[in-house]
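Order of writing sets the chain letters: A, B, C, D, E, F, G, H, I, J, K and L. Residues in each chain are counted from 1.
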Amino acid sequence: MYVTKSPLSDADQKTVAEALQGALVDLVDLSLVAKQVHWNVVGPRFRSVHLQLDEVVDTARQHSDTVAERASTLGISPDGRAATVAQSSGIGKTPEGWVKDSDAIGVLVDALGAVITRFRERVERTDKPDPVTQDIFISITADLEKHHWMFQAENS
Amino acid sequence: MYVTKSPLSDADQKTVAEALQGALVDLVDLSLVAKQVHWNVVGPRFRSVHLQLDEVVDTARQHSDTVAERASTLGISPDGRAATVAQSSGIGKTPEGWVKDSDAIGVLVDALGAVITRFRERVERTDKPDPVTQDIFISITADLEKHHWMFQAENS
Amino acid sequence: MYVTKSPLSDADQKTVAEALQGALVDLVDLSLVAKQVHWNVVGPRFRSVHLQLDEVVDTARQHSDTVAERASTLGISPDGRAATVAQSSGIGKTPEGWVKDSDAIGVLVDALGAVITRFRERVERTDKPDPVTQDIFISITADLEKHHWMFQAENS
Amino acid sequence: MYVTKSPLSDADQKTVAEALQGALVDLVDLSLVAKQVHWNVVGPRFRSVHLQLDEVVDTARQHSDTVAERASTLGISPDGRAATVAQSSGIGKTPEGWVKDSDAIGVLVDALGAVITRFRERVERTDKPDPVTQDIFISITADLEKHHWMFQAENS
Amino acid sequence: MYVTKSPLSDADQKTVAEALQGALVDLVDLSLVAKQVHWNVVGPRFRSVHLQLDEVVDTARQHSDTVAERASTLGISPDGRAATVAQSSGIGKTPEGWVKDSDAIGVLVDALGAVITRFRERVERTDKPDPVTQDIFISITADLEKHHWMFQAENS
Amino acid sequence: MYVTKSPLSDADQKTVAEALQGALVDLVDLSLVAKQVHWNVVGPRFRSVHLQLDEVVDTARQHSDTVAERASTLGISPDGRAATVAQSSGIGKTPEGWVKDSDAIGVLVDALGAVITRFRERVERTDKPDPVTQDIFISITADLEKHHWMFQAENS
Amino acid sequence: MYVTKSPLSDADQKTVAEALQGALVDLVDLSLVAKQVHWNVVGPRFRSVHLQLDEVVDTARQHSDTVAERASTLGISPDGRAATVAQSSGIGKTPEGWVKDSDAIGVLVDALGAVITRFRERVERTDKPDPVTQDIFISITADLEKHHWMFQAENS
Amino acid sequence: MYVTKSPLSDADQKTVAEALQGALVDLVDLSLVAKQVHWNVVGPRFRSVHLQLDEVVDTARQHSDTVAERASTLGISPDGRAATVAQSSGIGKTPEGWVKDSDAIGVLVDALGAVITRFRERVERTDKPDPVTQDIFISITADLEKHHWMFQAENS
Amino acid sequence: MYVTKSPLSDADQKTVAEALQGALVDLVDLSLVAKQVHWNVVGPRFRSVHLQLDEVVDTARQHSDTVAERASTLGISPDGRAATVAQSSGIGKTPEGWVKDSDAIGVLVDALGAVITRFRERVERTDKPDPVTQDIFISITADLEKHHWMFQAENS
Amino acid sequence: MYVTKSPLSDADQKTVAEALQGALVDLVDLSLVAKQVHWNVVGPRFRSVHLQLDEVVDTARQHSDTVAERASTLGISPDGRAATVAQSSGIGKTPEGWVKDSDAIGVLVDALGAVITRFRERVERTDKPDPVTQDIFISITADLEKHHWMFQAENS
Amino acid sequence: MYVTKSPLSDADQKTVAEALQGALVDLVDLSLVAKQVHWNVVGPRFRSVHLQLDEVVDTARQHSDTVAERASTLGISPDGRAATVAQSSGIGKTPEGWVKDSDAIGVLVDALGAVITRFRERVERTDKPDPVTQDIFISITADLEKHHWMFQAENS
Amino acid sequence: MYVTKSPLSDADQKTVAEALQGALVDLVDLSLVAKQVHWNVVGPRFRSVHLQLDEVVDTARQHSDTVAERASTLGISPDGRAATVAQSSGIGKTPEGWVKDSDAIGVLVDALGAVITRFRERVERTDKPDPVTQDIFISITADLEKHHWMFQAENS
């Protein structure tokens, strides 16, 4: 049915489509994981971690919107439904139930680490096909790595 | 491990726990469904529907946070992870790919209708066990029903 | 023509419809009465009463909108036209022309008193049929009674 | 009782009084009509018309306050009570019940058209008696005509 | 030395210059009188009158700036120095020392009355020579007359 | 002397009066206790606890005002004087002098626990006599229980 | 095709149409000229002139929108396209390339002077046909003349 | 246990400690007294006095926080608990129940008068020991004396 | 006369100059075209398209300023005068007179499409000569393509 | 008639009264002088000096209010009427008519210099009688001296 | 060359100059030290300390500006260059590399302690020569001592 | 001790570390130099240059924070201490004492020129090792070059 005029060649379109869909799933899942820990964290550092996690949620929500709308912009239908996220996210299984504050930090260090690795690959893969999409990925990577530093610094 | 002093009896706690966990899953899924359609809608009413859906997302996100933190407050660990949402949401399957604007409105009428029915039951079931939780459910129902009206009015 | 799927039974729908339509008329009239006195008050307390009345107007306008949209939400067409308000308002006749400040306060004490009595009945009547509507009526009653106190306190 | 020192001659005062009282009634009724349609509109353009009508309400409310206070300023007691509005408004009868969106636009085109004609006459009639009041009428006419354009543009 | 290209003829320039210089002096003096009473008022209505006077000060200060800059715009050097204001203001002598609240209101009724009369004359005199300046005088008159009404209403 | 027309029967009035007066004292004392610990806390978690306590103070101050004005609204003279608070508060004795951060959290867990128990009883007792007052108590309980959760979560 | 009901006679409509179209072109060109100089100015007063020019741009952009929408309101299709502006603007040729700051001020004195002369004529010509449009022109003239004063004052 | 390095000698520390503790108690009590009258005032000036009292509450709350944190800063544990306030405040007994508006003003004139006298002594006593604390007391005295003036002016 | 020290070689300077001047003209013209349609659009979707076009105007105005100042920064005199825009814009002829809403969307789809193609070329051409300018072009392309998507989505 | 309870002895009261009345007159005059030059300045630095003078006006107006209310607080009736200012201000005669920008700066350097000298004396004279008033004078002196520096720096 | 008219005698000028220059260097260095630790802190309390340090930076930056401009105001050229700061700061050597959170707190306790001691001396030394400068030093000391308290409280 | 997991190879890490550390020092020094001139500038353009310099300070402070936190993010300990800045900054020696306004502009043209050259090299050197860091450098360069243009434009 609906067809957008994409400025990219078919091959580039395919590469960029995979990168954007993967990025969307990772970011939506990151927002859900961070909220899950935001609600379940306990321990002396509860308040500090609770607040910090909402900043991760904000980052993840804003960037997931940018990524999905970039996909639509290129004529690629984005898929951010719960089942799709549950199946294809790059983040490992989040623990069930209450989470001790130090473990909560570990969960985020791992989740952010996994997502960052995949984003660095996407930055490389989209360089030639679409510098506009690459620029978006670079900004997201900068923000995710900054969050990653902060949780690592707290983890020492 | 971590145990909160709940002001409720064990039986009431169980009733309220089920209601809160169900409400959380419905609201998280509603936020994901509304975003999915927000990104995939096409047609002459694109702009209007696109903006309206973000208001549903805001409602769903705010209330999901309130519901999850109410659960934690009562010593009930909330579960809002992607897999849990995918498996237990009260909303039917959202269509894949681009959505015509009139269909988009139908998707929301159905999704909101399903969630509202479940919320009305939760209002009834929590009346005795915990009027505080019931009060939260009543406010959420009011907001969801208002969104429901607007999509129905557009559907005529 | 246009039919909304109401979550209420027919009998409940009728009870709630009457309560909402009555509430709408009372609140629209209260906003008109308060503005009328806001413009016509004279006397040493002019400035204080003039400002206080605009707070009543704000309360009445906001709540009339909430009540009318609640009606639409339940598939009940609200009627807030001038003629309908003139015929069915619960507030007695407002005096014509300039109003001395002490009389102005009396006008409001009476108008608020009449409206509050009717709202307390609506709170009772909607308890079973629709707790969502009842919750809206409870909030409105709280605000009206607070204004009522202030005008009574000034009247002593 | 209360007498304000009017800067106008008796004849001018009478002309201006009639113009202000007529303007007040038209504007109060316009605010009620626009709200009535705001609540009862249905159809594919629901959201757009619903929002647009609240901008008419804002315009009508602000200007009705300015007009009524201008009357008081000149020692003319303004009358904006529901019965007065119901009897002397220049706007024709508003339909009862749900209104299809295209009809809603027609209702506003007619209502604004009727009010604008009367305001243009008031601008002329107050030129000599009171340029200050005339200036207020000119500003109101500009705003009403702008709303009129927008509804007409949508009507084509 | 410095000469601005005025869009007015020499005769019109002279008429407008006198009107603007007179308006400037009246407004600067009004701001000083209102502040004087703001500081010296005593009595049960102290707070209400004290606050109301600062609104007169705001009006007078804003308009005096507009009037003076309008003069400069037309190449007329405005004179708002203390001695000039003391000598040529249209406002009568303000009482020294503490002022009872009811007297304070009388002082403002008189001061505003005197200034308004002069502004109404300026509106008439500038109609032909410069409609731009006239438009400014009409707006100022509207504001001054509104303050006048409020003090008169309190005076009854 | 001064008598307000209460919408409640005498028996209901008495029940509600006791509940409101008790609630007022508890909330005023909670604000004083939270400030006391805000100033006296020491230890590694100083900053986090210091900030968190000011949020409790905000909650307690806002709700104490709502409760006291609700009493006045019903014609019940509220008593929030220091001596009354010192004698009838439901919160146990607050320790003198510096408080270690972990102890500070314990003080708040206990204070909030005591106040919540009393509020839950007030919710039950006011259900029939005055649903408006009950609704206020339900909202307050929700907020207090949320603070209670957070301090308990930090306490584990 | 599309026809708006104009409140003006055909002859008046024609006069007002010419005035509005001319005003639109002048204001759009003024905004482009001011931006051109904003980017190209050099010299010791660079910063001051650079900032001042953006205030002219703001004035010109806001008023061009008002003027064009006033035209549409009267059923006159406004034309603000680049070619139309290039052909019919009342402003003389703007110099190419870098502009010394003192020259920049001269460019603006001339451009504003030319536009003001034409606006003063439009104020006169629209007085009878449409006082609403005239009122808009008067306000614009006031703003343009104020900017003109400031550049002339700097030019001395 | 916890010992802060005070910049003061032991004798100065003692003088300053007494002054700060006394100031804290006076300010906390002033905030409670002003709130008590804010809730219980009745009479024609109700609204004006009600609003004015909340400004006293704001002043008292802000300064009590500053004073208590200044104490902590110097290693002096502040004591603002209800019982301490009830026992050592410099303000006389506040009347129980409803307070006529003119009496309310008298209560505040007395309360502020008592507190100001003690603050003037504290300003003198802390001049040498700690000019930083003295500077805080001077600012507080300025604010309290301004409130005192306003209530006295209303009292005449 | 005025010479800025450019950080680029002469050849790179020339390439970047052409790209910046072309970008400036395209963006200024886009802002004029979008405004033209904003004023002339008619049809059922009037309001939605009217509002959407002002967002394009904002984008175009902000970026045109960035581009022109980037040119000045590199010592390249930018040319955004009406005649230059009329002659060298990459956007085809905009229709005269009223525009049906569906046609309006087509006009924007074409205009944005033309500008985007040219920007993609500029991104490529400036990669080596000046990555700073390229980065600005990438951001602009992202914004333009997002607007393009939205108009295309409405067009289906 | 009206007598405030002053916290000062009669001798101190007299010293402080003279200082406050002198300060009031100086500050009111400074605000009038700065406005006079703000309107009459011409020359290449017009814009910079014009804006800078309004910051002096703000400073002078705010401090004059503080000083006058401090007088009232101590039971001293302040006198800020035009004639009083014209007769007793410490600022020399301000030139009539247009002022060249460099001369404008000289006028301010002199005016500020004169006022500062008198304020430094007031700081000394009020040290013992009333440290609260002295503290106000110190703050004012700091602000005036900062403005003085800036005009002197521009003067070199 | 440039000479400001200082209100101080030569001896006082010298004393005040030394105090201001010393204060400037201390505050600039404090801002650099706090930023250094803000970036290098690690450990469980990372987030809390990281945020707290930026509040110290804000305090130090604002006060350094006030102090430097006070120097300029008195005709004393302030010196805040990196080399000057490195040579004459009162703060000891800041550790290189990552800093454990508990050590970070110690670094600030020491740095603030050192600066406060010097400021207390400056307060004493400037009392006679310039009470305006002394008042600035007193305010800065109050802020620094408050930060000092907070870090000490966390250190226990 | 503390080790962050860097996403870069060891060689890339070293290259990026040097670039970030150099950039940090340059930006911190730029903020100190701009403040130094901000305080010491004199001459007719004092106000304009004084304000412009604070915009450079804002730019330099924001970017220095971004750069330092980017270093920490990659596990590189940033060093922004006064001594480090004094020794390794790329900006030449800033003159001591008062600076004439035209010289002040020259100081900034030179300082910005030196820093920009070094940033252009960093952009090139980080392209392969870390595009995320490169993107940050590109943005900073754009801002610095814009400031450079403005000072150069004023210098002509």
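The working rule: a residue touches a chain if its C-beta (ideal position, glycine included) is under 8 Å from a C-beta of that chain, and two chains touch if they have at least 3 such contacts.
Going by UniProt, the chains are A, B, C, D, E, F, G, H, I, J, K, L = DNA starvation/stationary phase protection protein.
This one's a predicted model, so the numbers in the text were calculated from it and none came from an experiment.
Student: Going by the contact rule set out at the top, which chains touch both subunit D and subunit L?
Tutor: G, I
Student: Could you say what rotation angle superposes subunit C on its sequence twin subunit H, using C-alpha positions and rounding to the nearest 5°?
Tutor: My answer is 120 degrees for the C-alpha fit.
Student: Between D-E and B-D, which chain pair is linked by more C-beta pairs in contact?
Tutor: Between the chain pairs D-E and B-D, D-E carries more contacts.
Student: Indicate the whole-number Å distance between the mean C-alpha point of subunit E and the mean C-alpha point of subunit H.
Tutor: The computed centroid separation for subunit E versus subunit H comes out at 42 Å.
Student: Can you check how far apart subunit G and subunit I are, centre to centre, with Cα atoms defining each centre and the answer in Å?
Tutor: For subunit G versus subunit I, the centre distance works out to 23 Å.
Student: How many angstrom between the C-alpha centroids of subunit J and subunit B?
Tutor: The answer is 62 Å.
Student: Residues touching two or more other chains, restricted to subunit H: which are they?
Tutor: 1-2, 42, 45, 48, 69, 72, 135, 153, 156
Student: According to the definition already given, which pairs of chains are in contact?
Tutor: Contacting pairs: A-B, A-F, A-I, A-K, A-L, B-C, B-D, B-F, B-I, C-D, C-E, C-F, C-H, D-E, D-G, D-I, E-G, E-H, E-J, F-H, F-K, G-I, G-J, G-L, H-J, H-K, I-L, J-K, J-L, K-L.
Student: What part of subunit G is in contact with subunit J in the complex they form?
Tutor: 45, 48, 52, 102, 150, 153-154, 156
Student: Where on subunit G does subunit E make contact in their complex?
Tutor: By the definition above, subunit G touches subunit E via 113, 116-117, 120, 123, 135, 138-139, 141-142, 145-146, 148-149, 152-153, 156.
Student: Write out the stretch or stretches of subunit D touching subunit E in their complex.
Tutor: Subunit D reaches subunit E through residues 1-2, 4-5, 7, 69-70, 72-74, 131-132, 135-136.
Student: In the complex formed with subunit H, which residues of subunit F make contact?
Tutor: 1-2, 28-29, 32-33, 35-36, 39-40, 42, 65, 68-69, 71-72, 77-83, 85-86, 89, 94, 96-98, 100
Student: Quick one: which bits of subunit F touch subunit K in the complex? Just the residue numbers, please.
Tutor: Interface residues on the subunit F side: 41-48, 50.
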